[in-house]
Every structure is written in structure tokens, then in C-alpha cells.
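What follows is a short report on a single structure.
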Amino acid sequence: MRIAERRLLATRPHRPGTGGLVPILVLLAVLLVLLTVRQPDFLAPSSLMSFLGRSAPIIVLAAGQYFVIVAGEFDLSVGSLVTAQVVVAARLIDSEPSRTWPVVVLLLASGAAVGLVNGLVTTRLRVSSFITTLGMYLILVGAVYLWSDGAPKGGLSEEFRRFGRRAFEDVVLVGRLPFAVLVLLAVAVLAVLLNRSDFGRTLVAAGGNPRTAELSGVRVHHVKTMAFVLSGLAAAVAAILIGGYSGVSFQAGAGLEFGAITAVVLGGVALGGGRGSVVGAMLGALTLETLFTLMNFYGVPGALRTAVQGAIILLAVAVSARRSVRR
Amino acid sequence: MSDALPSPLLTLRGIGKSFLGVRVLGEVDLDVLAGEVHAVVGENGAGKSTLMKIVSGGYAPDEGTITLDGVPRRFGAPRDAQRAGIGIVHQEFNLLPERSVAENVFLGHEPVRRGLVDRKAMLDRTADLLASIGESALPPGAPVGRLGVAQQQIVEIVKALALDARLLIMDEPTAALADNEVERLYALVRRLQQRQIGVLYVSHRLQEVFDLSGRITVLKDGRLVTTLNTADTDPDRLVRHMVGRDLSHYYPERAGPDEPRPVRLTVRNGGNRRLRDVDLRLRAGEVLGVGGLQGSGRSALARALFGAAPFTTGDVTLDGEPVRLRSPRAAMRAGIAYLTEDRKGEGIVAGGSVLDNALLAGRALRPAWRGRAARTARVRDLLTAVDVRAAAEDQEIRFLSGGNQQKVVLARWLALEPGILLFDEPTRGIDVGAKSAIHDLVRRLARDGAVVLMISSDLPELLGMSDRIIVMRDGRIAGELPAGATEEDVLTLALGTVPAAA
Amino acid sequence: MRPLITVLAIGALLTAAGCATDEPTAVASTGASPQAGAGTGEQSKFFVQAQYDKELALLGATPAGPAGKPWEQVLDPKMVETAKFKKPGPYKICFSNAGLNNPWRQVGFKTMQAEVETHGSRIKEFVHVDAEGKDQKQIADINDLLGKGCDALIVSPNTTATLTPAVEAACRQGLPVVVFDRGVDSTCPVTFINPIGGYGFGHVAAEFITSRMKPGGKVLALRILPGVDVLETRWSAAKVAFDKAGADVVGVEFTDGDPAKTKKIVNDYIQRYGTIDGVWMDAGAVAVAAVEAFVDAGRPVPPINGEDQLDFLRQWKERKLTAVAPTYPTYQWRTPVLAALRILNGEPVSSPWKLPQPTITQDNLDEYIDADMPPLHYAVCGCRELPGYPERWR
Amino acid sequence: MSTALTLPARRATPGVFVALALTLAVGWLVVTVDGGQLFNQSTTVSLLHVAAGLGLVAVGQTVVVIGGSLDLSVAYVVSLSTLVAAEAMQGGDAALLPGVGLALLASAAVGLLNGLLVTKAGINAFIATVGVGLLLKGYLDNGYDGPAGRTSPALVQSLGYQRVGPVPVSFLLLLAVAAAVGIVLTRTRFGHHLLAVGGDPQVARLSGVRNDRVLVIAHVLCSLCAGLAGVYLAARLGSGAPRVGTEGLYDLESIAAVVLGGTALAGGRGGVAGTVGGVLLLASIDAILNQLEVDAFVKQVIRGVIIIAAVAVHARRAVRKAGW
């Protein structure tokens, strides 16, 4: 017995939280099968690519929200941040192509800045992040309406809009490769690397047990603030993609915060922090988008869709809650 | 065990339990008589806690029967066991700091009059219970968070008694107590005995087991080894039953008193909210023991040196140079490591994997992308070296036993190759085998030139391990003792009964 | 075990929701269902046949009043006496506003403010309270305004049914009350001002689309939200038109006014049905997004309707769309101020005060395109000669 | 083994009432200087009416938040309740009580579902109640295209518009409900158990508290309060309104009020009195800004800042009392 116990730890390759991905993968697969049954050409490369492209914003947001949630916090301000960014971009660019890049830089910077404020208020002033970001949500919505007198002004340049709207045509294998997919790919790779980096692992530890993390040399306030900054940056990227995809509107970011949080939880990330992977969060977002598309193809009446969505979320989360070992 | 004994209060027969297919307990038989203190001992992971949870309704057994007063019982929840008259005093306090003593004592069974909680009755009855065990000084209306550890322990016990418990389970009840407080607990247990209450007493401290119990049951690897009459055995034999081998000497050899090694860390006039006038010199290669009562400033000293609650006055030098240890990171950069006393709350990230836990400090202090693989490999080696037993390195650490968790935390700090290690109760709640492994390690680190500051409430350990001992009292260093001091010396300083000749 | 049961329970719930979807689905996609021609489903309970007939009749009527000033014109006038409200000026006029939460209301309110300015000598104070789209708040607001010594009260109700008691309470104070945009279920206000209305809007758009596509063509109906009375009447009139023309309404989708959602829906319908022959909208907010969805998919844009927002009108012109834009003109925000002043002066006003509701067509499109105004400006604002034009609306 | 338990603030002193007094004083001054009148009858009545609706929801929210849970479905429960009540009454006084009863029953059922999802299915309360909210939204969107039903005139007369001096009956109802819930929290077993479950679920369980049952009851109580708010709104609006709850932002505003009142989102601490103070504070700010005719968007910004600032002040006080 003792000798058996003395063997080395099984050193399987270390992949944080891979086991947690099973439920979301199953759900995604089921939805995709249902989709393909109804609409066989959905899986054609060009159709799939454009689906990925239009889903990119919410996936990016989910990646950003993941870092906040795994650190044990919430970010309810991302939806209003997206709206504010799109509206601000339109007014600043005012259909002037030459202003595109400066405004893109400005959006990223301001997204990071809003995240920084969220993070500092949460960590330094010890305000629960639910409240911090709820307050920020109210402030951003109020401020952007105020600044634009209640109706978006100006317009986005074609140069700005191409990120979310245009594509490389005639690409081998896939045919049409939307820019948004490339942006998504870059964000996803970055997010996975960050998740596996020392920063990512210490962030997860800070979400799991902040006291232990602090006493192991983690600057808990610092990493949590960084998580909010990442979420703000993700919102900026999402804003650029959404603004590009569909133009300026006050509805651009409406409800995206709940969408992103739902996606993250669907992806097996625990609210309260410390557990889950960013891949799961992004798959959760993709699953949600697949669900919406599925409902379009099956012609589920608009008014009932939220009910179907609610039921599927509850079912999926209940299943994974059951799976997660209870002692 | 003889037929002449009266019929037992509690009888367990063939109790077994598995988790996720792993059998942690099997075929355990045990009896407790009314008015008997029955000790349960065994290494960590022997199944003691699981057995206690089964008796108190925390888990349902997979097999076997529980008979209380001759009636077979099945407990679906702690509530059922409580109703049947089984109380438990947990190793970790189950109290709500915001609520009053009375509210805590009667939680779950508040007295009700006309549909509303009868607060007066609650306070009165709490006062009565406190008086009945000779603790009438404790105010029933005070919030528990304002009480000291020993008082909280009493609240725990009163909470169990409030249910008219006829069987009381005490799981490591002295773990949080200083030695003088243990005496009070002894008195309390004896008073319970007089009231014909049966006590199941779980402890790692053999001294207590011999002081209190009438019989001792030994568990090992989830199975019953034997049940002995305390009078018929002695500590050596008991340990042999527990570990299955002789532990000829508990504590490793000290380093010889050879040439004095250089002074590494000094503190002059150090002070903060909890410490005053701390003067300290730590030499390479020594183990400095720190004794004192709970709350005397022992942990505060370690926290000050680690920068978690820094000194606000005084000077600290490292290798002759002044240093400012303003934060854990600063201390870590200076080569200081701190193994906390509260393993669950401050030592581990319960939901994290074994490997993530072991890598945490290195990742936090020196984040890097390149060289990660080498670092991970080194930590793997360390985990093996300290003999962590886990199913896999990506197993969540919360599923490990306390001793194995402590080894993971040790590996985390060793990975930083610290020159100064602060150990706060490193062996508390850890089984004998893991304990001696940690002792060996401490000694080896010192031999290799590290400074070890070791806080311990376990006097034999403190005396056996330390090259030198300082004793804290009221935030000051009450005195210093050389190796070879006696338990009385330490207690005298800790209690301040005789003015310390410093 | 327990979690399992719960999971099963939720599963059952889900199945139930799934089952419940079947029926309306079949109804919505009439083309696929055997009972083709059964139409677009049950008529909304908002549909009132008499009202519908009246509105359609008004579409062809000629308004009375000064030419070129549609906000002063009246269709089918029925004058009422107001002498009892006559009092000397200047006046304090109070306005309880349902909300300013969309561009239409923003444009309208600015127009109203400008209108107030033109009467500087006769209006000493104009009090505006914004209910932020909350019935409950608007009821409290009206109650609040009653204590402020207003000479006249203008109300733009958030919801017809729920604001009725509050408006009635205001009438009982003896105050002249003018209601516009949405009405109330009461005759107590001195007058109710609005353009022809939702039936007219929905009917004009649907007629246009059915007339420009092949019979039995596939129509996608894009709606903003369920449960908003104005929008419900538009859709119920469109239903009648589509059923009469035998159009195949393949989908009725709610967009929440979100252009991204709109594009996704249109995209999926294009993929699902290959071609869409007409797009009907109950409001113009996401018309441009719908047009873009066809453009981005490389398909011709089918006959479509929008509203008088400039972004849509510009797209229409640039892309030479087959389009129509029925309007719900924002100039109606001028009329309540005029009406209140007339009432306080004892002049008779028409009750109800039906304003003309112009339709923008290919023929008059150019009149409405104004390059200087922002994209979400409503062209039929009647605001060009008001003070502060165009800066105020930018 | 844990170190000695440290003690945070024993009873959150109702700092919110200090803030309320200050707000009213400053507001009165500013409004007076502006030439208006803050405390005339109609303003006060309006203020108390707004407070009554939000207050009923927030009192219920307090119960779940103390238990360490959360309810984001309340806005939909409010709407549902207005419809059930108004449709059952059909404008007649005969069905007044059955209508109210049905509305409360439907609300309680939703609360039961919430509670079961949180406890038995182990779904985080945030997601569980958002999910149930979506289910309800689907039902409402699908079943109603506008206001429906008619509230019985007697109810409109009494609960909707009747008042005693400047105090509406509905506000008295709020006070009564708040007092009742306050007694339930401080003086009943359930209340004691709820505080324990919110403070430390493990401790509660090991002390023989049936955590699941306590949380389910808390969710039912919360939904009942939301349902009562729905009945009040049905009386106020004269009919059932499928969007009234979401328009009122009752979900987020109720949580804001609870937190303003000093109840910790983490659970285990707080009380109803603070919540009522929080509601009055929100309503007063609204009333003052209304008097000053401040733009709705500015109002929103101010509201956001105040919520964050208030919680920051609470947090500072707690930190100072507790040490690290």
C-alpha cells in the first residue's frame, strides 16, 4: 500500500479545466446537428465563416468577461460601454475616413480606461463589483445620451466599418474570410495565452482565494484591476466589430452584459471565481449564437425565443452543476 | 469490551464509506458508554473525520449500522443526529461572528413563544448552560466575533450541549488552544463525564488522549486496528499501532554546535499595532522556535517579518543592509517565505490543482513566459521530493488530506529557494508520519544554511526542534531560552508568572 | 438524485416550451403549411375594424387648414367650444412626456421646444417632465404637475390604457388637457392630436410591398418589440393587407431595434429561403441594417419600407431601392402647443385633431433629403423655418 | 484551523437615513433657491407613490440578498402579477380578493421555481433568476401585446389613489410589509436561519438548519413582495401591464436600494429598515431632480455615482471597524 502510494504524481499534460468543457461541447454539438438537419448548407465554409464573423463580438466580450468572472467579480458595464463606444466613434469620425485609425486607438484606450476605473473602484474602494459596474452602466448610458442629445450623430467611415463588415474574398478552402474572424482568432489566441500565462494563473488563484494569493505574493488588487481592463479592452474590440457590422445605434450594446455573463457561465466558469477556462467561455458565447441562429432557421416565434433561451440556459447550467463533483 | 460492561450508548457495526469509488472507511466497529471518554486516533487520512461525520449525520454510511440507546438509526442530515442527541464540536469553528453567543448556541433550534423567537429565554438558557460548565463569565449577548479563540471554543461546546446531547463528538478540540487553555478544556470534559455524557474524542495530541480517555480506538487506512483500554497501554505502543512501525526518535538531530554562522536578519525595536520592542537576530543554519500563547504576538511577528502586517517602527537589516519589508512581495524578494497557520483560509486555493497551488508563489513573484517549462519541472521534482500523495497533479487540492496539502504549500515556498522560512504551526492537524517528514525537512533546510523561524503550540515539538526559543507575551519577546530548555521554562515565560530574566 | 430530478424537470419545461412553439410557427410560415391562405394568424386584439376603416378613409382625405403647414391642418375637423378655458396670458404650460428615449421623440421634443420659443410673449413658462418610459412615473409626474399652477397640460402618454386614470384626474381639476401621439381611453381631454395613425402606416407599407412583388411572394416582417400599441396597430393593418394579397409571410421577427440582430435575422432568412421578395417593417429604426444585410449577402434589395429617417432616405437614393416611407411625422409635436394656446384664447379647436400623414415615395424623395442633417433625423419634422434650425436638431 | 473570527460592524447603523436627511435638506434648499417648492402635497404624494412600488420589490429583494442569494426575475414577476390580478378582476369588485390571491399565488410559484433552481439544481442565483426571467419574458411577450384586463375599481380607489393626508395607502402598505418582514427577519426562526445561511451556509447546515428550505422560502417571500408590488401597480394603472416591471427597472433598482440600505450583497448582514431608507433616498433624489427639471440622462449619471459612492462609504466603515 505504502509503496503504491509513493509513486510519483501522474504528470499528465497540464491543461487547466479541460474536463469542464465537456458539457458545453456536447450542447454545441447537439445544436449544430439540429441546425444542419434543418439547413444543410449552414456548414458550408463560407456560411460558417460569416456566422463566425458575426458572432465574433459576443465571443470577444465573453473572453473579456471571463477574466473578470474568474477573478471573482462581475462586469455589468460592458454592454453600455459598447454602445457608448459606437456612438462616440460615429460622432468623432463623422464619416471622415482619415480619422479611422486615431479613433480606433482612442476606443481601445478609453475601453481600457473604463476598465481601470471599474477595477480601481472595486479593489481600492472595496465596492462590490456588481455595484461598481452597475453604477458605471448607469453613468455610461446617461453620459452618452447626454453627450449626443439623445440621438447618435455623425457616421462611421467605410474604413472603420470594414473590420466588422468586410472580408477577404476568394480565400482558399473557406472562400470568404471576414476580417472579424481574423480579429476573433487573434483575440482568442491572446486570451488563451493570457489564461495560461503566469498572469492568468495568478488571476485564477486570486479569484479562488484572495488571501492565499496575497500571501503568496500575488498583487490581488493589481491583477483584478487588470482583469477589468481586459474586459474594457474586449468591449472596445467588440464595439469596433459591432459598429462595423451594423453601424451606429443606441441599441448596439443593449443586453450584451447579460449575454456575455450567460455565455461565460454556460462555458462552465463558476460565478464567484477560481474555476473555468477562457476556451469554455468563448465556446459558451458561440453556443448562444448558434442557439439564436437555430431559432431563426426553425422559425421559433420571436416572442417565445427568450423562453426557449431561458430554458436551455437553465438546463445546461443545471447539468454542469450536477457534473461538478459535490465532494 | 467485556460483557460485564453496561449496554453502550452508541454502537457502530461494520461502518463503511466510499467516495468516487475510493473506499475511505470499511468495517469499523466502535462502542461508546455513557460517561466514557473514548478517544479515536490515527494518522491523517486514517478515516477519523469521515467516521465522525457519519456519526454526526454529515455523511450517510454506505454500509453498517448505527445504534443509539439500542435503537438503530439512520441520519440523513446533521439535524437528524442532533435530534437524536448527538452533538459535535468541530475542529473548525462553526460559528457566525456577527451573531451573539446565544444566537449561535441556539441556531437551528431557537426557543419559540407565540410564533416568535423568545430572545429572553434564549439568553437565559445560554447563561444557564455557561454556568453549568463553570463559564458564567462569558456574556451570552456578546457577538461571537468579539471573543477570543478559547471563548469561541467554549461557545462551540455549549452549542453542542444546548441540544441535550448525550453523546458529544470532539474533533481536535485543542487544536486552537494554548496549553493553559487546554487545562480548562480538561476540566470541562470531566464535568461532562460526570453528567453521564459519552464523549468521542479525536486528537493528534497523545498527551490529551492519555490524560482524558478511558479507551482508545486506533484507525489506520480506513480500518479498525484495535480498541485498547487506556490504562493498559502507553504512548509508544499506541504510536506503533497508529503507524505500524516504531518511531524511535521523534525529532531529527540538531546540527552540532560548531562555529557560529553569520547573522542574516536583525530586527531592532520593531513594533506595530500588535508588537512592541521586538529585538531579534536570526543566524543562518538555526531553527529559532517561537513559543507563547495564542494571541501573544507569535503570528504577528511572522506576519511583520513577511510584510503582511509590517513593522511600523524600528529597523530591519538583512545581511547587514537595511531592508523595508512593506509587503509579502518585498519579503519574498528578500528571500523570505511564510507558511501560514490557517491552511484552508490562507494557505491553499481550494479549487486549484495541486500543481497550480505549488506554482503560485513563483508565478506571482517572477512572472515570465520563457522558462516556464523549467520552473514547472522543478516544482514537479519538489512535489515528489516532499512526497505529496495525490491522484494526479491536476487534482483539485481540496481533495487532499491536510498533511498533503501542507506539503504542497511547502513545495510552493521551496521553489523560491528562500533563505529565511517562517513556519506558523507547520504540523498542526497533521498525522504523525507527515509530521516527522516535515521535521526532517526543517532540519535539513537549516543544515543547508537557511534560517527557520518556527512557531508551535506543541511544546515537545518546540523543544525538540529548536536551537533557540523565544517566547512571546503581550506583543513582546518575554524571554529567550537555549536548546535543552524544559516545558516549564517556556510556560513560565509565556504566562509571565515569574519575571523573565532577559 | 435530487439534481437529476431537477434537470429532468427543466428538461420537461424546455420540451413544453418547445411544444408550445409549434403552433405559432406553422401559422407564421403559411407558405409551408397546408392551410396556405389561412393568413398571418390571429388578428391582434388591438385591431379595431371601425378604426381601421376610418384611418384608411382619411388617407385619401383632403385636410383643412393653411397649405404648407401640415401641423396646423386638420382632417375631417369636428370643432369644439373652448370659451370656458379662456384666460389672459402669458401662460404657464406644462408637459408630461412619456420619454425621450429614442431619436423620434428627441427630434419631436426639439421641435416642440422651438415651437414654444416662437410664442415667447404668450408663454411665460414651459415645464417639461420626462417619465423615462415608465407608466408609474408618468402617473406620479402628472399628479405632481397638478400642484404647480399650470394653465394648460400637454400629455404624451406612455401607454394608453394605464395613463387614462391619471389624465382623467387632471381633467377633473378643470385644467385644459391636450393629449397627443398616443391617446387615452377618455373623452375628457379637450382634444387629442395625432396623425392618421398606425393602421395607415402599416397599410401603406404593406400595399406598396405587395404591389411590387410577384403574387404569393415571400415577405419578411421585421418588428421592433411586442406589446407597444402603436406598433401593434401597424402590424395588424399590414396583416390584413398581406392576407388579402395572398402574400407568403415567412417570418415575423422582433429586432429590439438592434441593427446587429436585424442583420443576423435577415441573413438567416436569406440563407433559409434563398430569396426574400419583400421586407415590411413596423418602424424605420433598423431599415438601413436590413438593406445592408441584402447588400452584404450580394443579393438585390427587395421592395422594402422604412420611415422618414435620413439614413434610410439616403440609402434609398444611393442604391435606387424600390422603397416607400410612410411616416409618423414629428411635426405633430408642434401642434399641442398651438392647440393649448388656442384653447387658452378661447378659440375652438378640432377634437380629435387628425393631422395629415404624408408618405415619402420615389416621386417626392428628393424633397426630403437634406444633406446637412444627421442620419437619424426625421425628415418630416416641419421644423425648417423654426428658430435655431438646423443647429438645434443636429 | 481558522484564526479568531474577526468582527465586522455589528448592526449597520442606518447611515442611509443620514444620507436621506442630508439629501432632503440640500434638495429643499436648492429647489427653494431655484424658486420651486419641494414639499408641497402633490410632490410628496408622487414621491411616496414611486417609493411604494420600488419599496415593495426591494423589501423582498432584501430577504434573498440577506440569504446570500439574488433575484433578477422580480421585474417580470411584477408584470406577471399586474396581468394576473387585472385579468382575474375584469373590472369587477366581486373578484377583487380572488384576483389579488391569484396574483400572489402566481408570484409565489415563480419564487418557488427560483428557489428550487438555486437550491436543488445548484444553479447560481444570478443565472437561475435571469433564466427564469427569460422564461417569464417569453410568456409575457407571447401572450400579451399590450395592457390587458381591468383592475377592480374598488382596488384602484383604495390602493391606487387613496391617501391619508399626504401619505398614500400604498406607502402605508409598504411600511406594513416592511415591518412584517422586519419582524420575520429578526424575531422568527426562519429569520435567524436565513441570516445564518447567508452568513455561512456550512455553519448553518452543520447547526441543523435546513439551508435549502430556508432559501426556497426566502425566494418565495421575495416573489410574493414583487407580486404585491404588481397588485399595487395594477391598482395604480387600472389594468395589467406586461412591460411595467422592466420599464421600471425593478430588478436592478431594487438591488441598488438594498445595497444603499447597508445590506451586504454577500449575505448574512442587513435589514429591511435600511432598504426602505435606500428606496426613499432614490425616490427623493428623483423628486428633487424632477423639480429642478434636470435632464433624465443627467439623472442617470447622478444615480450611478450615488450608488457607487454610498457603497464605497459603507465599505470604508466596515473596513475601519473590522481591521484587515
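A, B, C and D are the chain letters, set down in written order, and residue numbers restart from 1 in every chain.
The definition used in the following text is that contacts are C-beta pairs under 8 Å (C-beta built on N, C-alpha and C of every residue); 3 or more make two chains touch, one makes a residue touch a chain.
Per UniProt, the chains are A = Autoinducer 2 import system permease protein LsrD; B = Ribose transport system ATP-binding protein; C = Ribose transport system substrate-binding protein; D = Ribose transport system permease protein.
Quick caveat, the model's predicted, so the values are computed rather than measured.
Colleague: What is the chain whose Cα centre is as far as it gets from that of chain B?
Modeller: C
Colleague: Averaging over Cα atoms per chain, report the distance between chain B and chain C in Å.
Modeller: Spacing between the chain centres: roughly 72 Å.
Colleague: Let me have the rounded angstrom distance from the C-alpha centre of chain B over to the C-alpha centre of chain D, please.
Modeller: One centre to the other, that is 44 Å.
Colleague: Between chain C and chain D, what is the gap in Å from one C-alpha centre to the other?
Modeller: 33
Colleague: Where in chain D do residues touch at least two different other chains?
Modeller: 117, 121-122, 135, 138, 141-142, 295-296
Colleague: Would you mind listing the residues of chain B that make contact with two or more other chains?
Modeller: 345
Colleague: For chain A, what residues touch not just one other chain but two or more?
Modeller: Residues 150, 270, 301-304, 307-308, 311, 314, 318, 321-322 of chain A each touch two or more of the other chains.
Colleague: All pairs of touching chains?
Modeller: Pairs satisfying the touch definition: A-B, A-C, A-D, B-D, C-D.
Colleague: In the complex of these two chains, what residues of chain D are touching chain A?
Modeller: Those residues of chain D that touch chain A are 117, 121-124, 126-128, 130-135, 137-139, 141-142, 252, 255-256, 259, 265-266, 295-305, 307-308, 311-312, 315-316, 318-319.
Colleague: Within the complex, which stretch of chain D touches chain C?
Modeller: For this pair, the touching residues of chain D are 40-43, 45-47, 49-50, 53, 116-117, 120-122, 135, 138, 140-142, 144-148, 156, 160-161, 233, 236-239, 241-244, 247-248, 290, 293, 295-296.
Colleague: For chain B, which residues count as touching chain A in their complex?
Modeller: Counting only chain B, the residues touching chain A are 19-20, 221, 306, 308, 328-329, 332, 338, 340, 345-357, 359-361, 363-369, 372, 376, 380, 383-384, 387-394, 412.
Colleague: Of all residues in chain A, which touch chain B in the complex?
Modeller: Within the complex, chain A touches chain B at residues 1, 5-6, 8-12, 14-16, 197-199, 201-202, 204-205, 208-209, 211-219, 270, 274-275, 325, 327.
Colleague: Would you tell me which residues of chain A are touching chain C in their complex?
Modeller: 39, 41-42, 47, 50, 54, 57, 149-155, 165, 242, 245-252, 254-255, 292-293, 296-304, 307-308, 311-312, 314-315, 318-319, 321-322
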